[in-house]
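You will see two complexes here that share chain A, one where it goes with chain B and one where it goes with chain C.
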Partner chain A sequence: MSPLARLLSLGRSVGFAVVLLAVLLAVNLILSPARFQPGSWGALVGLAAPLIGAAIASTPVILAGRGGIDISVGPLMGFVNAVVIQMLFLKAGISSPLLLVPAALLIGALVGAANGFLATIVRIQPIVATLGTYLILTGVTLTILPAPIGPAPAWLKTLSGPLSMLPLALMFIAWWLVRRTPYHDQLMAVGSDDRAAYTAGVDVTRVRFIAYVMTGILGGCAGLMLTALIGSADPNIGPTYTLIAIAAVALGGVSLAGGRGGIAGAAIGAIDIFLLQSVLTTFNVSTFVLQIAYGAILVLAVMLTALQERLAMRGR
Partner chain B sequence: MADHTAAGLAVRDLVIAPSASAITQEVAPGEIVGLAGLDGHGQELFLKMLAGLEQPLSGSIELGVSGTFRKITGLRKAVASGIAYLPRDRRANGIFPTQSVLDNFAVSTLSRDARLGLISPAARKARYNIYREKLSIVAPRPDAPITTLSGGNQQKVLLARALALDPAILLLNDPTRGVDVATRHVLYEVFRGLAADGMGLVILSSEIAEILLLCQRVLVFRENEVAAEISGEAMTTESVISAMFGRAA
Partner chain C sequence: MAGRNLFATTNARVVGAFCVAALLHLAGTMLIPGYSSPFAVRAMLVLASLLAVASIGQTLVVIMGGIDLSIPFVIGFANVVAAQLYGDGWNFVLVCGLVGVLAVLIGGLNGLIARSLDIQPLIVTLGIGMVVQGLVLLWTAGFPSGSAPQAVSSFVSIGGSAGPLPVPWLVPSLVVVAAIVVLVLERTPYGRRLYALGSNPGAAPLALIDPVRMWVITYAASAFFAAVAGVLLLGFTGSAYGDVGQPYLFQTIAAVVVGGAALVGGRGSYLGTIAGVLVLTEINTLLIGLGFQPSAVQAALGLIIVLLVSLYGRERHVSTTI
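Right after this comes the complex of A and B.
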């Protein structure tokens, strides 16, 4: 496939989200040229980074299909935030990235493995299993850290501006490598039709379990990005990312039925939501209106994606 | 009984349903065996047990390839031993509608394209092209969605997926159901060619004409037992039908 055809096929799969991205970017540039001048794009990316990270993290389990979803991604980010700052940095005095980064990823992997165990081996419905984890993590986070506390290690704070591209780039590279492994094809096959995947000899349970672990690891990374942005620890911010991240994933053309989409779409969906937020705040609307707008855009986007798919099927 | 002399698939005292009598059969390399019967009389269950998809009540299934014998106890064991299964309802159990032709082809044999753990798209395409030619699959591009193909060509892609496993025994569950006549004849030629190359084939078909055309031997199922085993000259539409309905031929 030529690069152009590849770009077109990406555009088709992401569809509406890309159009929305262009429109929102244009509107933002007109409404607040000062905020969106090229020099401040780095800072803007920094502001959007945790949401992009949360959306990317939510993607693998959704791709695995059959109601796969992880609503504990937000609380996981808050938990990583609290553990890294309160327990490791302030109490234990560990500040080296060589220890903190693996610790955050390990926490993510363990939480992901717990979710995967509940959802694929015990076979609790994913939304119920991860709701349990959501509540547990929120509670544990508040126990560790009843009130916000700071600061964060200096190296982590430098990742808040333009340098927040670094963890995002690492996430993309990691996913690009996963895409080239046999595992990715198995993941998409399982998400597309798990009975067919089973008959074709794919170990469906194993594939789904690994998807939860990947979501956990990516969620741990998103937790570090959140820590970088707020430069402190706050037990109340993490959980707010959960639903917005899932909205971003759906907006980015990742089918909640599984087997369709990728992290590029999820990231574009997240950027859409960030830009929408930015447009509405220039109008000084209340946060309640912001929520209404998210909801409306999400429903509209999912409808348009379904319509686009139906038209494409008819064209064949 | 357990004289491990012949290569091929050996079924011993297999009981597929409560209070049905045991089935002992062999499928030799290069043989095409048909399974017939009225719907729900056990032939599909039998085929799925050979594939490792269903557990038998008792008895054993063994596959002998080049001197080694392996018991089939499950799907993964069956695939690893050299048994490939083509499912019946390709929309429900076969294709991945959101995936490309190439991905649909490769899903059972993903690791064969891996170079140092990463998939080589070129190797996969080369592998696919061998089967595309062999089965004369008509597909615009290998990266087009599988749903853009006709039913017959989707079926060929699924057959290519099974053949890519290089099986010693190929189990086909009504392979020409909903497939156009031209494609049927291509598939018949392919099946004959595979048998001539030494593969053992077990074909379940709802069409007796198809079994008569392809098979040297047919097992007619009735009430979860092999009611009749007919081969050679005795294999006629009348004899198969009367066995299906439980009448003496």
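Right after this comes the complex of A and C.
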């Protein structure tokens, strides 16, 4: 595929989200030029990073199709946050990134593997399996960390500003590498039509299992990004990311039915939601109005995405 | 019947869920003194009935192949609006009528948007729910006031009695409503269409089933029963609280699934949901009675849901669907 064709296909899959991104960015620049001056873009990326991370993490299992979804991504982020700060940093005194980063990714991989085991081998419906994990992780997090506690290691806090690009870039590089393997084609094939993929000799169970593990690892990384942003441990923040992250994925043109989209779309959807929050905050409205506008725009955005897809189908 | 297929049919799943509830009750009676005392049983029946009312809509929606995340928001909406208007001196029958109509409109909008544009109901119901909650908060400025009339309170009161029965009227009423729901699902054209649409959304229109109409009706019904639950909860807790429905978000889904429904649609029954409701209520009471912290209860609940569903709620392997 030539670069131009690739750009066009990306545009088609995330189409509406990109338009929304441009509009929201322009609105933000006009409304609060001070907040959005080029010098503070780094800090803004830092604020948006955990949501972008959560949306990226939610993507692989959704791509795998047949109701694939992981609602435990948010609680996983909270769990990683609690374990890294409370158990490893404050209790065990481990502060080296060489130990904490692999530990976070390992926790993510293990939780992802547990979800994958339940959803693909035991074959519980993914939303129920990950609901179970959601409840377990939330409960365990509150048990090991009943109240917020701090601080985070200094190196981790420095990742909150412009440097939060680093974990995001690593996520994209990791996904870019995955895309170069046959596994990515198999994932998309399974997501579009698992029966056809199965008859073509794809090991459907294995492909889906790996997708859950990838979601777990990316979720562990998002947990570290959350820790960097809040600079402490808080048992109540993680779970709030779950539904917003899935909304971001849907907004970014990733089909919740599977097989269509990628992490670029999910990231753009997350940035859309972040910019939307930012616009609404500058109007200085009450949090109640914020919530109304937020819900309304979420619904309108998915409606427009659907209408645009319908028009595109007609034009073909 | 081979052991592997023991739980294959929906009926067997329902029986299985009821057995689990009975076993849990037996375990509670043996482990905790007073677990089967009349008051404890009455309390459990009332809590279970409230959850059962909130789960009616989720059952219908799930059978149709959808999901309704707006239930907790509609519960909170009905709870706050009913209290506020009744506190302002409105006639309570009028209040209930208005809340019911508004809920039906909210639900209908959910179904209309999700089906006519083919959007994931997960996102639509979440977004609409957030708008509804925001509007209610805006209207009450975050501090709802008012209370329920005495009639509603005694209807759901744990200490109440229904004629000769030692339970409040809520419990026998629920039995009647449950019978009607089961009858509607099993014996009416609407019920047949619901299962048909859920098992094969592509083929259902060929059998002259209008999917948009079915989704609008069913989501409207779901919101209506959520509103009923919200008004009943107002009587139960005594005062209005916008977040009163939040625990019901995952509990209704869990009850429906533990009761043997498949979230991909076409399978499930309200009797199964009631079994699931009983299982969840028993687990909750048992764990709190054993002295677990709320966070530990939550973790255990997650573990038990996964265990139960892996026992009898497994999906087929892709190789058997070809």
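Quick note on the criterion: the second predicted complex is superposed on the first by the 313 of 316 C-alpha atoms of A that agree within 3 Å, B and C clash if a C-alpha of one lies under 4 Å from a C-alpha of the other, contacts with A are read in each partner's own complex, and residues count from 1 in each chain.
We adopt the following convention: a residue touches a chain if its C-beta (ideal position, glycine included) is under 8 Å from a C-beta of that chain, and two chains touch if they have at least 3 such contacts.
These numbers were taken from a predicted model, which means no experiment stands behind them.
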Open item on the list: Between chain B and chain C, whom does A:T181 touch in the aligned arrangement: first, second, both, or neither?
Closed with: first
Open item on the list: Looking at A:K157, would you say it contacts chain B, chain C, both, or neither? Reply first, second, both or neither.
Closed with: neither
TODO: Return the chain, chain B or chain C, that is in touch with more residues of chain A.
DONE: C
Task: Which of chain B and chain C A:T199 touches, first, second, both or neither - done: both
- [ ] With the two complexes superposed on chain A, say which partner A:A189 touches: chain B (first), chain C (second), both, or neither.
- [x] first
Open item on the list: Quick one: is A:G259 in contact with chain B, with chain C, with both, or with neither? Answer first, second, both or neither.
Closed with: first
- [ ] Could you pull out which residues of chain A sit against chain B in one structure and against chain C in the other?
- [x] 195, 198-199
Task: Residue numbers on chain C that touch chain A, as the complex places them - done: 67, 69, 113, 117-120, 122-124, 126-135, 137-138, 142, 250, 253-254, 257, 262-264, 293-303, 305-306, 309-310, 313-319, 321-322
Task: Complex contacts: residues of chain A adjacent to chain C - done: 66-67, 118, 122-125, 127-129, 131-143, 146, 194-195, 198-199, 204-205, 243, 246-247, 250, 256-257, 286, 288-296, 298-299, 302-303, 306-307, 310
- [ ] Within their complex, state which residues of chain A touch chain B.
- [x] 1, 177, 180-182, 184-186, 188-189, 191-193, 195-203, 255, 259-260, 313, 316
TODO: Name, in rising order, each residue of chain B that touches chain A in their complex.
DONE: 53, 75-76, 79, 85, 87, 92-99, 103, 106-108, 110-111, 113-114, 117-119, 143, 147-148, 161
